[in-house]
Amino acid sequence: MKSISSAHVEAWLRLCAKVFSEHKDDLTDLDAKIGDADHGVNMDRGFSAIPPKLEPLADKSIGSLFRTSALTLISQVGGASGPLYGTFFLQAARLADGKTELTLEELCECFDIGLTGIVNLGKASLGDKTMVDVLGPALAALRPQSGDSIETALERAASAAREAAEATIPMTARKGRASYLGERSTGHKDPGSESSALLLEALTETIKDSA
Amino acid sequence: MKSISSAHVEAWLRLCAKVFSEHKDDLTDLDAKIGDADHGVNMDRGFSAIPPKLEPLADKSIGSLFRTSALTLISQVGGASGPLYGTFFLQAARLADGKTELTLEELCECFDIGLTGIVNLGKASLGDKTMVDVLGPALAALRPQSGDSIETALERAASAAREAAEATIPMTARKGRASYLGERSTGHKDPGSESSALLLEALTETIKDSA
Amino acid sequence: MKKLINSPENAVNEALKGMEAAFPDLIKVNYNPNYVMRADAPVKDKVALVSGGGSGHEPMHGGFVGKGMLDAACPGAIFTSPTPDQMHAATKAVAGEKGALHIVKNYTGDVMNFELAAEMLRGDGIPVESVIIDDDVAVQDSTWTAGRRGVGTTVLAEKLCGAAAEDGRPLAAVRDLCKRVNSQARSMGMALTSCTVPQVGKPTFDLPEDEMEVGVGIHGEPGRKRAKLLPADEIVELLMEPVLKDLPFKQGDEVLLFVNGLGGTPLLELFIVYRKAAEIAKRVGLKVKRNLVGSYMTSLEMAGTSITLLKLDEEMTTLWDAPVYTAALQRGI
Amino acid sequence: MKKLINSPENAVNEALKGMEAAFPDLIKVNYNPNYVMRADAPVKDKVALVSGGGSGHEPMHGGFVGKGMLDAACPGAIFTSPTPDQMHAATKAVAGEKGALHIVKNYTGDVMNFELAAEMLRGDGIPVESVIIDDDVAVQDSTWTAGRRGVGTTVLAEKLCGAAAEDGRPLAAVRDLCKRVNSQARSMGMALTSCTVPQVGKPTFDLPEDEMEVGVGIHGEPGRKRAKLLPADEIVELLMEPVLKDLPFKQGDEVLLFVNGLGGTPLLELFIVYRKAAEIAKRVGLKVKRNLVGSYMTSLEMAGTSITLLKLDEEMTTLWDAPVYTAALQRGI
């Protein structure tokens, strides 16, 4: 496969709704340890609201799908993760406007501008124990290597994301609620890093299933 | 022994302070079941305040000892048991004024007028699951039988009191806080019946020890 | 036991010290015997209102001392009624020529201790009347019980009679108003958890995760019955039903609806309860004209709620709206 | 989980319905997006004060909507900051020509969501300023954290700025006052128990019978450190020390002392805490000129307390004494 389609993106967003409903408790448990026990509930509330909004869309371009998801997340989630993931999709939408296909290069550009949006808003650096610690390495792994198919690149990104999420465990948080705990935040996985890994894994699974 | 002296009464009151400090938790536990978990604390607060008040008394007649105890209980205990036991001693004091000895007959009269005071104030009948269910049978048992010594009569009264306290277990409360529980009050010993039994047992022990 | 106290013995006195420090313009506190009184008492030409009861029910009663409500409050040990010398000294300190009304919750101990105090006061030549509040429909008023407990209505009676006293009415009028308030109000409560009396150090009763106590009073005691935990709306139905049945509330009656928290229940939940209680009142044709929502009469840190319904008339409504300035209730001053 | 709710999903909305039913003259509630607004908003010639945050902190913020305090409050899901559309709609509903001040507690989510709303409002041509409250000395203000949390000072800032806005001052003046209040106040909190987020159904953390969490915020999160439980007086010393050290409070300074309950702590205990806190303030030469004692900013049913010290000046004292009429704070109206 050399590109992903609107249908892929829509299937991915629908799968995300399912994934976050299934992982609601795990994510909330992670947040209970170093946050305020709502991350799973937040992600579930946000992503479960997306599919009903996609249904009636006239414009099913990838840009339109991303923008609709962004606005839904921003208006439904609240907390830190709502604006952050919302911004990610809102920025990505700018590069995907009117498009019904994205090459791997274009996907990387969308990802890049989305992640830049998150960093601009949240000011997190690598190592601060946030979703950025997953999204950064995942983007690096997604970048095309010679002879790559989209499936291969996505699998690489997903496993980089998974590894990066685990790697947040020994980190001491410097951003978000977990930073209030100081040293006590070490030894626990960052909930946002886990939700980011789940997003990447869901995208990879969507593409693999349709291949 | 044919009579009890001021010294006996004072020794009894001092022993009561010790007994209620030792039985504080038991009495409170009983009250936790069908009341408000304070009877032991109340009895201990009241009776521990008596000895320091007896110390400086110029008039150590039995009437004076009883009246001092009465006023101490009334001003220190609160709750239902404070005025009830306070009234008992206040009434008894009227018959013991100026006396330094009480015969068994006189002791019974004091007890009788004290109990009448409790009944007038609290309006409890036999079977209502209160201290009256112990004090009534104890008084009956205390009444002189032919050839009685005070010790024998008191032992009879104390064992009647102990039996009567146990006999409150199957009763359903009709007075005091426990009555709010209705049927749920059955199966538990009334805390005031236990404190009354302890009072009688302490008196008996005092007299026996001094015999 | 996890409490912000230094020792069970000193908790009540230290809390009084805190109140005294926090409201120097409003109240004075006397120690041994303990009572809280209006800083400006005795107030001339005014019936003095005195109440009291065990501690552990804060803000009741000390938090209701001030202009437009109580002149004095006598706090006993935790859950133990105060002693007669407290009411005696407090009433002497605040009563003027118009005399004093004692508002007494119907518990054996409270009634007896207040009665002893009233006798002492009459001996001193101070006119005293007493009204006993007994509004708890969880208890049957029969020869089989000590009579109904005094619960939520106490707060309402103290506010309404306080306004009447402030208005200069004579003792008999304030007493009669208090009786009328009591006769027109009913309450019922329930608990989700027990509470821990500091002197005891462990919860008064155990309550499994899926059960509740229905028909509790305010002394951490178990209720009339234990039942399976229900959603809030069903609990409110359960509480409202006996309250509505007991008083001859008629279609179109105006009422005051008081949703009280027992100490450990957050306001969020009390509003959920209020919502349903108001809905039920409306459904049966009552007009909720005034209300009170909050933890005003508590049972230490017990989680739970009680609902009180008072049938209002015009006079009571006016008195309810009158200014009040106390630690726990303030309006219009 | 034992709560007076019907379902975790509906708890916030049902509580809003209850508030709406209880205070029809005082507030209006809008649903989807959720916000609570003054019944008489928009108020002419007045800066509109808008705040918001996760639910579960009641009475904050909805209980502070009314004359002399907030014009609108935006409640998010429990412990989750509200979404930008709530602040956008609420601010549009209450702001007049003088614009609006957003009072924002310093949490990543709150700050970002309010910032997005402010951008939307600026797009609509509505003058908006934001002040971020960050008074919690338990957190170091460094690049190693998200900055200090906004806790108790929020309540004080809302009262003082509310009075200033009522007074007709322009937006810049109210904003500067808010910043000054924030810069002159510090807080520190501790918890005896965890709390249970309804959607989660079990306590956020386990805390043994003999331990406490020191340096907690208001989201049921664990604190900076866990410590052995201590008597109340020692806990108060522990909380006051970093508060006093952080602000250059000088001998003779006049302060407002705010002892806040976290939801499950009874008033009796808060007064014990207040007593000691006032004593310490006096010991170090501060003059406690005003105070507030009660559960105004809570963490559901968490047992615990927080202490806030605000250095007063004459202007602030006057604003503190100004009339206020809200569900949770009433004075002089």
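Think of it as A, B, C and D in the order they're written, each chain with its own count starting at 1.
What we mean here is this: a residue touches a chain if its C-beta (ideal position, glycine included) is under 8 Å from a C-beta of that chain, and two chains touch if they have at least 3 such contacts.
Just so you know, these numbers come straight off a predicted model, no measurement behind them.
Between the CA-based centres of chain C and chain D the separation comes to 29 Å, rounded to the whole angstrom.
Chain A and chain C have CA centres that are 55 Å apart.
Note: centroid distance chain B to chain C, computed from Cα atoms, is 32 Å. If each chain is drawn as a node and touching chains are joined, the picture is a simple open line. Counting only pairs that meet the touch rule, the chains in contact are A-D, B-C, C-D. Chain C meets chain D in the complex at residues 1-7, 11-12, 14-19, 21-22, 55-56, 58-59, 63, 192-193, 209, 212, 229, 231-233, 235, 263-276, 278-279, 288, 291, 293, 295, 298, 300-301, 303-305, 330-333. Residues 28, 32-38, 41-42, 45, 74-84, 121-122, 172, 174-177, 179-182, 184 of chain B are the ones that touch chain C when the two sit in their complex. Chain C contributes residues 33, 54, 76-85, 107-109, 112-113, 116, 138-140, 143-146, 149, 197, 199-200, 204-205, 217, 219-222, 224-225 to its touches with chain B in the complex.
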